[in-house]
Amino acid sequence: MSLRSITLATLTKDIRLEWRSRDAINSMLFFSLLVVVIFSFSFDPNAEESREIAGGLIWVAFLFAAIVALNQTWARELRNQVLDAYRVSPAPANALFLAKAVGNFILVTLLEAVMAPLFMVFYNLRALGAAWQLLAIAILGTWALVVNGTFFAAMSLRTRSREIMLPLLLFPISIPAVQSMVEATRIILSGDGSARFWVVLLLTYDVVFTTACLGLFKTILQAE
Amino acid sequence: MKKIFPIFAALTALLLAYGFYQAMWVAPTERTMGDVQRIFYYHVPSAWTAFCLFFTNLIASIVYLIRKNPKADALAVASAEVGVVFCTIVLVTGPIWARPVWGIWWTWDVRLTTTLVLWLIYVSYLVLRRFSDTAQTPVLAAVLAIFGALDVPLVYFSIWFFRTQHPQPVMGNGGSLDPRMLHAFLINLLAFSCFGAVVCWWRYGLEREQREVEELEALESLHGVSR
Amino acid sequence: MYPVAYPTALCKSQTKCIQSQSRLRQPLKLPAPVSDANIPQIIVSNLIKQFGRFAALRGVSAEFTPGKFYVILGDNGAGKTTLLRALAGLAHPTRGTVSILGKRPQQACREIGYMAHPSLLYDEMSGMENLRYFAQLYGISNDRRCEEVIRSVRLDPELTRPVGQYSQGMRQRMSLARALLHDPEVLLLDEPFSNVDVQSAREMVGLLKNMRDGGKTVFVVTHQALLLEGAADEFVWMQSGQIVSRTPHFASEAGMQ
């Protein structure tokens, strides 16, 4: 009954359930596609300017898709008050949190994997700087959104207007992370200097908030 | 404690009046900016008061999480609400000052932007308090306060670095301060701090009373009508 | 007010008395525990639970002996569910303390089995899959225990139908199976028989009676107390957030209300 085994058990259960009814994923994928298309209409992909704003556009689009994914994190647990069963058990609360966070990470990465190539196509983007750094930013940035998003999704379970509560709590706290992602992406796409500071800041953000979430999730779970 | 409050409030009112007099009449007009600069005597003290109140909220939240003391939670509510008010004053006076002087309403100045993010975080804190069920509100709100506190240094650094890449005008008070200006500034700083403390204290008292009334009502009600 | 288990609270005040009387520094001598039988009890002490302007529990104090079958009855809004949740550790007292076998409810999670009106199961998985997952939360990794428990509630472990498609009776029984999975000492069941057919209900009562005979403590909150006449040891009546009486038989209180 270790942290690792329960996290793994919960994660595999979630993946199995998600796989059985693929409705949620399919609709999210389609939503992501729609977001990219609408952005392309709204922000004319003229060559030079698009490289400047592409960083911002991509991450805002990812943010919207992530919110849709995060909002359904606890949907299954909510249906029959399954969380009560978890709270009454001796299982560590962090196992549940990690499983949900990693599950969301996989889901949001999947959505990004669909959206990023589309953006590259519509906006004729080519990375002029170090392309491998884009991968690092994508991973760190996605984790930054997902770790806090999963945590705030759990907090909003106990509130009215659950769906609006999540972005309301998440956006202010995510500002430094989003800024880092946007700036770093802009720098790499335009090859204009080093993105190292932003990557380090993003890493710091991830470490600080992962620790905070792991430290405080039990408090949130046990609060009625 | 209750007896001190009216005296303290009266002293604060006097300080505020004196500070007003100092700021508007005694302090000399600034060379480059003109009379608009006098906002400085309200802009900065408001920011200082807001930060003190938010810091109080952080401490109260941590104390609540450790000890589950309802008084700590009442202080957290009071300091958050009053802090948001002062923060709003900062965000309103900033652009009012910037527009005539630099011709722009807003700039991604480090301090102003950090204040904006702090304002956003605490408004979301108040919304969370309003929207959650009474039993869990204190714990959820306290956790959010801690997250907010962890976020603020990161916000500061990210904007600071952003500015070194994209230089923007500074919304500060460039140059040295005339001693009369400094005097007016310090008086107003003290006055606003006291003002913030007075309002927060009052709000805290109100919150405690409201909870006591609720508790009495709850224990007396026979058939328990919720809502 | 941080809830502290009742026995330690008493010891602390007695300890202070001893300390103040002795001048010299001596090793602390803690007084003997309160109960003469020396078995840890299930104790609720001055429990108050407030939700805003509404008090669900208004000063409930009671002692329950392990190994007995208790039925908690009362009108809607009397505080039955809240009391049960307080015993399970799901509702934190506004004031007062709860002690389950000498520990706080959250420390006693291995000893507590909880079942509520929502099934606490995943609708999309089969019964066996559900139990397999919840078993892992308790560190039980073999399927044998899951199958055994499912059979004990008269359901088929081989059934692959998702729980969401079960009838209400089957769902309640599967939920009971989940509560029994880790062989808890104390069972807390909230409305286990609601919307359940009579046959299933009788079988569940039989099962619970066997558990009590095997030394477990059972608490059932229900509106259908007649079912439990003959099986239960004591009927606990609640009204307006307080316990008003405790009787060995349901019939003797039928005239009340």
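Labels A, B and C are assigned to the chains in the order they are written; within every chain, residues are numbered from 1.
By definition in this document, contacts are C-beta pairs under 8 Å (C-beta built on N, C-alpha and C of every residue); 3 or more make two chains touch, one makes a residue touch a chain.
Note that the structure is predicted; figures quoted are calculated from it, not measured.
Trainee: For the chain pairs A-C and B-C, which is connected through the larger number of C-beta pairs in contact?
Mentor: The comparison resolves to A-C.
Trainee: Which chain's mean C-alpha position is nearest the mean C-alpha position of the whole protein set?
Mentor: Closest chain centre to the overall C-alpha centroid: A.
Trainee: Can you tell me which chain lies farthest from chain A, using the average of the Cα atoms as each chain's centre?
Mentor: Chain centre farthest from chain A's centre: C.
Trainee: Starting from the mean Cα coordinates of chain A and chain B, work out the distance between those two points in Å.
Mentor: 32
Trainee: I'd like to verify one number: the distance from the centre of chain B to the centre of chain C, where each centre is the average of its C-alpha atoms, in whole angstrom.
Mentor: Result: the chain centres lie 47 Å from each other.
Trainee: Measure off the straight-line distance from the CA centroid of chain A to the CA centroid of chain C, and report it in whole Å.
Mentor: Each chain's C-alpha centroid was found; their separation is 39 Å.
Trainee: Find every residue in chain A that makes contact with two or more other chains and list them.
Mentor: Touching at least two other chains: 223-224.
Trainee: For chain B, what residues touch not just one other chain but two or more?
Mentor: In chain B, residues 133, 135 touch at least two other chains, as defined above.
Trainee: Do you know which chain C residues sit against two or more other chains?
Mentor: 92
Trainee: What part of chain C is in contact with chain A in the complex they form?
Mentor: 88-92, 106, 109-110, 112, 114, 116, 118-125, 133-134, 136-139, 178
Trainee: Which residues of chain C touch chain B in the complex?
Mentor: Within the complex, chain C contacts chain B at residues 1-2, 48, 50-56, 58-59, 77, 92, 240-241.
Trainee: For a test of understanding, state which residues of chain A touch chain C in their complex under the given definition.
Mentor: Within the complex, chain A touches chain C at residues 1, 5-6, 9-10, 13, 17, 20-21, 76, 79-82, 84-91, 222-224.
Trainee: Please give the residue numbers of chain B that touch chain A in the complex, ascending.
Mentor: Where chain B meets chain A, its residues are 65, 117, 120-121, 124, 127-128, 131-133, 135-136, 139-140, 143-144, 146-148, 150-151, 154-155, 157-159, 161-162, 165.
Trainee: Would you tell me which residues of chain A are touching chain B in their complex?
Mentor: Where chain A meets chain B, its residues are 148, 155, 158-161, 165, 168-169, 171-173, 175-176, 179-180, 183, 193, 197-198, 201, 204-205, 208-209, 212, 216, 219-220, 223-224.
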